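The same chain A turns up in both complexes below, where it pairs with chain B and then with chain C.
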Partner chain A sequence: MTLLDLARGPALEWALVIFIAGILWRLLGVLLLTHPVDFSAPRTSFAKLQGTRTVFSRAWPSAEFIVRTRYQTVMAYVFHIGMFVVVAGFVPHIEFITGLTGLSWPGLPNFVATLLGIAAVLALVAMLVRRLTDQRKCCVSTWDDYFSWFATAAPLVTGLMAFYHLGPRYETLLAMHILSIDLLLVWFPFGKLMHAFWAVLSRAQTGAAYYRKGVRI
Partner chain B sequence: MANESTLVELLRQQGVSRRGFLKYCAALTSMMGLAPTMVSAVSEALQNARRPSVIWLSFQECTGCTEALTRSHAPTIEGVIFDAISLDYHHTLQAASGAAAEAERENAMEENAGSYLLVVDGSIPLADPGYSTIAGISNLDMLEETAKGAAAVIAVGTCATYGGLPMARPNPTGAVPVSDIIKEKPIINVAGCPPIPVAITGVLAHYLTFGAPPELDHLGRPLAFYGETIHDRCYRRPFYDRGLFAESFDDEGARKGWCLFKLGCKALVTYNACATLKWNQGTSFPIQSGHGCIGCSEPGFWDKGGIYKALSRGEMSSNAKLAAAGAAGVAIGAGSALLARRRQNSVENSEK
Partner chain C sequence: MPVFPTFEQVYQGFAEQIGKLPGVAPRVEMPADQRVKRAVKVLVDETHADEAVWLESCVHCGQCVDACHFYESTQDSKYAPLRKIRLYQRVYRQEVGPFRWLYKLVGRPVTVEDLEELQELVYDSCTECGRCTMICPMGIDIASLVHHCRTALVAAGMAPPEMAAVTFEQKQMRTVFGASPDVLRSLVQKILDEYGEEIPIDKDKAEVLVLTSAVDIVMNGNGLLATARVMNHLGVDWTLRTDAYESANFGLLAGDMDLMVELADNIAKSAERVGAKVVIVAECGHAYSALRWNPHVHGKELPFEILYMSEFLGRQVQAGKLRLEPLNRTVTFHDPCKIGRRGGAFDEPRAVLAAMNAELVEMPANREVNWCCGGGAGVFLLNRATELRDKAFKIKLGQVDATGADGVVVSCASCRLNFEAGRFKNRWDKQVDSLVELVADHLKDGEAGQPAAVAGGEQ
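What follows is the complex of A and B.
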C-alpha cells in the first residue's frame, strides 16, 4: 500500500469515523443537559428565535471595541471566508463531498480558490505572529491554541503545495494533504476547533437570555 | 539461436538504406532522452552488435503487450528492433510448438548462458501452479529456471511489473509480479496496460547499445518514458488550471475538450509517456479520445477506488462504518448528558 493509498483509504475512513462520532458526542452531550428554570415572566415572546439574530448582530465588534479588535477581526474573517471558499468552491473538494453525501454544486474557477487559499494562509500566519508577540495573548495561550493552528494551517499549505507542484512528487504532496485533513478531522471534536459549533450556539443562547429580559443585543 | 549477422547486414538485406538506419538511430536517441552527441554511439553499437538472444515468456496475460508491439505498422522502430534481436522463444509468434518449442528455449538458454535477455509478460500465480502452465511446467518454475542464465529481465506490461489485473481484489490465483520472484537479476519494469510499444523497444535498444539498463525510477521503470506524469504533459491541462471540467461523457464540456478530472482521470498520479509519444504512431491517447486516464502503468491501478470516480473521492470501503460512527456518537453523547443530568438532579435534591 502506498502512502497515498493509506491517506485516501483507511486513514481517511477512520478519521471520518472519529470526526462524526466525536462531533455528535460533544453536541448531544451539551444540548441534552438540563436548563435552569427561570421562574420570572418573559418580557418578550419568541426569545429563543430572537436569539438567532444575535449570531449576526454580534458578527462585527461594537463601536466601543472596534479600534482594539478590528485587526484581529479582519484577519479572522479573511481566514474563515478564504477557507470556506477553498473547501466549498474548489472542484476536487466538491467531488470529495459529493462522494460522501451525494450533494454537488458548481465549482469556482481555480484561480479564485488558490488566491483565497493564499490569503487564508497569510491571515493565519498574521494571527500566529500576533499571538506570539502580544504579551497578553501569549500568556493565555495554551497547547490547544497552537496545535489547532497547526491542524488548520497544514491542509491549506499542503493543498497549495500540491496544486502548484512545489516540492516532492505530486502523489506524495497529495498524500500529505489528505493526511493533514485526516489529522484535522481527528482533532476537531477535542479542541478549540469545536468553536465552529459552540460560537453559534453560545451567541444564540446569550441573545435569547437577554431578549427574555427585554434587551435586544 | 542468436544470429551471427549484424543488424546493418540484416537491414540491407531488407532494403533499408544506411540513411534510413541513421534516421532511426537519431529518433531512438531522442526518444530515450539521450544527448544528441550520443547518436553516433547508438548507431555504432547497433550496427556492430551481434543479435542477442531474447527469450520471451508469457504467463498470466492477455497477449495485449505482444499485440501492442507487433501491431505497430512497418517500417518502424519496433520492426527494426525486432530484427535487431534474435527472438528465440515466444508463444504467439514462433512457428514451432510443443516439445520442439521447449527444446528451442532450452537450446537458446544453453548456447547464450549469461548473455540472453529474458522478457516476461503476465503475472505469476502462486496460489496453485495449475492456474497457468506451459508444456506442463508451472509459470513459477519456468521463470526461476529461465532467469538463472539471463543477463537481465525485462518485465513488460503491468501484469509482469506489478501484478496487474490478475492481482486485483481478491486475487484468486495468488498473482505476483516478476520482482517478487526474481531477486538477484537486474529487472527493468516497462509498465502499462499495455506499455507504449516504443517504450519496450527503447529499453531493448538501450540494452543493445550500452549493455546495461537505462536509468530507472524508484519503481524500476525507465525514466525516459516514465519520468513525468501524464497530467504534466496533457494538452487539456489549461482547462484543469482554469477549473473547466466535463461533467459527463458527451456533455458540452466533453465536446469542448475540457479536463476529465471529474470523470475519473488519474493522470495526476500516473507516470507514462502517453501524452507525448501517444499511441498508433502518435495518433491519439485515451484523454485525447475523450476518456480519462485509468493509471494503467501504476501498481494496483485496478483497486484504486474506481475508474470513473474522481481522484479526490477517496478509497473508502463503504458508508456502513460512518453510519456506525454516527450511532456511536449519539449513544455516547446522550449517555454523557444523561449522567450529567442525574448528577445535577442529585445535587439539587441534596440541596433541598
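What follows is the complex of A and C.
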C-alpha cells in the first residue's frame, strides 16, 4: 500500500468515523446536560425564537465595538470564506466528492480557487502573528489554539503545494494533503474547531436569555 | 432646613462603614483541600447545558478586553474577562465535560492557590455588568459564569471579608448596616414629624408593596421621603412591611444562593399575604435581578408583578397618571447594568425624563452597550478594590462629560454611591441625581388624587 493509498483509504475512513462520532459525542455530552426551568416571568413568550436572531446579529460587531474589532473580524472572514469556497468550489474537490457520493456541481475557475486559498492562508498567518505578538497578552493562548491553527493551515498549504507541484513528487504531495485533512477531521471534535457548532448554540442561547428580558442583542 | 444628609454626606458615612467591615467579618476556617472540594462541587452542581455551551465556546480571541472597564482603565491583562472563567473551564473539562476522563489524566488539579487568585478576578474586578457579552463573537455570558465562581468561593469560605460580613448580618437580620425594623419605624415617624408625609407601614392589605433599602433607611432618608411623596401623590394604596422591606440581596451579590432564595421568598410571601398586585423594588440594581429575574421565584405564577422603581414611574407617566414639572436642564441618563442591559427596562426611565421636559443627551455608549460605572455587584463594598474602581469610574466620567449635560440621572444606589465617590475624588462639576428624588421634587401640584392604576401587566 502506498502512502497515497493509506491517506485516502483506511486513514480517511477512520478519520471520518472519528470526526462524526467525536462530534456527536461532544455535542450530546453537552446538550444532554440538565436544563433547569426559569420560573421568572419573561417579557416575551418567543425568546427562544427571537434569540436565533443573535446567531446572525453577532456575526458582525456592533457599531460601538467595530473600530477595535474590525481587523480581527475581517481577517477571520477572509479565512473562513476563502476556506469554504475552496473546499466546495475547487474542481478537484468536487470530483473527489462526486466519486464518494455521486453529487456534483459546477466548480470555480482554478485561478479563483487558488487566489482564495492563498488569501485564506495569508489571513491565517495574519491571525497567528496577531496571537504571537499580542502585546496586550489578552488572548490567553493555549496549545489548542496553536495546534488547531496548524491542523487548519496544513490542508490549505499542502493543497496549494500539490496543485502547483511544489516540492516532492505529486503523489507524495497529494498524500500529504489528504493526510492533513485526515488530521483535521480527527482533531476537529476535540479542540476549539468545534466553535463551528458552539458559535451557533452559544449565540442563540444568549440571545434567548437576553430577549427573555426584553433586550435585543 | 433639610433634615436628612446630602448624598455626599451619605457617601462619606457609607465609606466609613465599609472601612469597618473587614474587622467584623466572620472567619471561615477550613482545610485547604476541603475548600477546593467544596468549590469544585458547587461549580459541578451549577453547570447545566447553558453553562457548558458557554464554557466550551471561548476561542481565546481576546476581544472581550475591549468592552471591560477594568481592563480599559488599567490595561492590565489580568483583568481580561476571559481569564475570569479559565478556572471554571478547567473544572468543567475535568469533572463535567464529555472528555472528562481524558482531562482528568492530563489536566492540572485545582488548588487553593487557584481559588485565591480567582477571588480578585470575580469579586474586585468584575461588576457582572455583561458588557463583555455584547462584544464576544461567540456570545458567551461571562457575567453568569462569574456569578457561579462567586458561589463556589462562598462555599469554600473564600468570599472577600466585606461580603462575608454583610452576608452574615443579612442572614441573621434580613437586612444590613443595622437597618432594623425599629430604625425603619423611627425613620417613618421622622418623615411624618418633619415633612408631614405619611408612610403606611405594616398594613394588612395593600395593592402595592414597596421595598426600601438599608442605604435609605440608615443614611439617605431623602430616598424614602421621595418614595413616599411620589406614592402618596399618585394616590397609591401602598405599604411598607417590617417583615419584608429590604431590597438589597447580599446572597446574590456574594454568591450565597441559599440566602438569595430565602430573602427573595420572604418578600414574595409577604407580598402574597398583603394581597399586593405590585411589588416595587427600590433603586437598587441587583435587587431587581434577585427578585424580577430570579429563576427560582415563580414569577409567572405569582399574583403580583415585580417592578423596578424607574419602571413603575415610567409606566405611571406612560399611563398619564404622573405629570411632572419641567426640569429645565440638560441631563444624561446612566442605565444601571442590572436594570438596562441585564434587566430590559430602558424606556421607562427615559419616559420619566421626557415627562419632565428634560433635554436628554445620550452618552456615546448607551443602552445595551453603555459602560458600567464600576461600582456594581458589591464592588463598591470592597476596600481592596477602591483604586481599581476609581480608575474604572473615569471612563464613565468621560462618557458623561462628552454629552455636555449639566448632570447625570442615576437610578441605583450602588451606582449613585460610586458616582458620588467619583464626583468627590475627581472634583467633578456635574450634578448627580436620583430619578425617584428628582420626580419627587418635580411633582405637579394639584395633579394628585385619582388612585393610580398600578397593575397593568407587561408592556
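Criterion: the second predicted complex is superposed on the first by the 206 of 217 C-alpha atoms of A that agree within 3 Å, B and C clash if a C-alpha of one lies under 4 Å from a C-alpha of the other, contacts with A are read in each partner's own complex, and residues count from 1 in each chain.
Here is the rule we go by: contacts are C-beta pairs under 8 Å (C-beta built on N, C-alpha and C of every residue); 3 or more make two chains touch, one makes a residue touch a chain.
Computed from a predicted model, the values in this text were never measured in an experiment.
J.: Let's test your reading of the overlay: on chain A, do chain B and chain C clash or fit side by side?
T.: Verdict on chain A: chain B and chain C fit.
J.: Can A:Leu103 be said to touch chain B (first), chain C (second), both, or neither?
T.: A:Leu103: touches no partner chain.
J.: A:His35 contacts which: chain B (first), chain C (second), both, neither?
T.: In the superposition, A:His35 contacts chain C only.
J.: Of the two partner chains, chain B (first) and chain C (second), which one does A:Leu16 touch, if any: first, second, both, or neither?
T.: The answer is first: A:Leu16 touches chain B but not chain C.
J.: Looking at the overlay, what does A:Arg26 touch: chain B (first), chain C (second), both, or neither?
T.: both
J.: Between the C-alpha centres of chain B and chain C, what angle is found at the C-alpha centre of chain A, to the nearest 10 degrees?
T.: Taking the centre of chain A as apex, the angle works out to 170 degrees.
J.: With the two complexes overlaid on chain A, what is the closest approach of chain B to chain C, counting only CA atoms, in Å?
T.: 6
J.: Where on chain A do the contacts with chain B and the contacts with chain C coincide?
T.: In chain A, positions 25-26, 28-34 sit in both the chain B and chain C interfaces.
J.: Flag every residue of chain A that touches chain C in the complex, lowest number first.
T.: Where chain A meets chain C, its residues are 25-26, 28-43, 54, 58, 61-62, 64-65, 68-69, 72-73, 134, 136-142, 145, 190, 192, 194-195, 198-199, 201-203, 205-207, 209, 213-217.
J.: Per the contact definition, I'd like the list of chain B residues that touch chain A in the complex.
T.: 229, 231-232, 240-243, 245, 261-262, 268-269, 299-300, 304-305, 309-317, 319, 321-322, 324-326, 328-330, 332-334, 336-338, 340-341, 344-345
J.: Taking the touch rule as given, give the residues of chain C at its contact with chain A in the complex, in rising order.
T.: Residues 47-50, 52-54, 56-57, 59-67, 71, 75, 77, 80, 82-83, 86, 96-99, 133-141, 292-302, 305-306, 340-345, 365, 368-369, 458.
J.: Can you tell me which positions in chain A touch chain B when the two form their complex?
T.: So the residues of chain A in touch with chain B come to 2, 4-5, 8-9, 12-13, 16-34, 90-93, 95-96, 98-100, 107-111, 113, 165, 170-171, 174.
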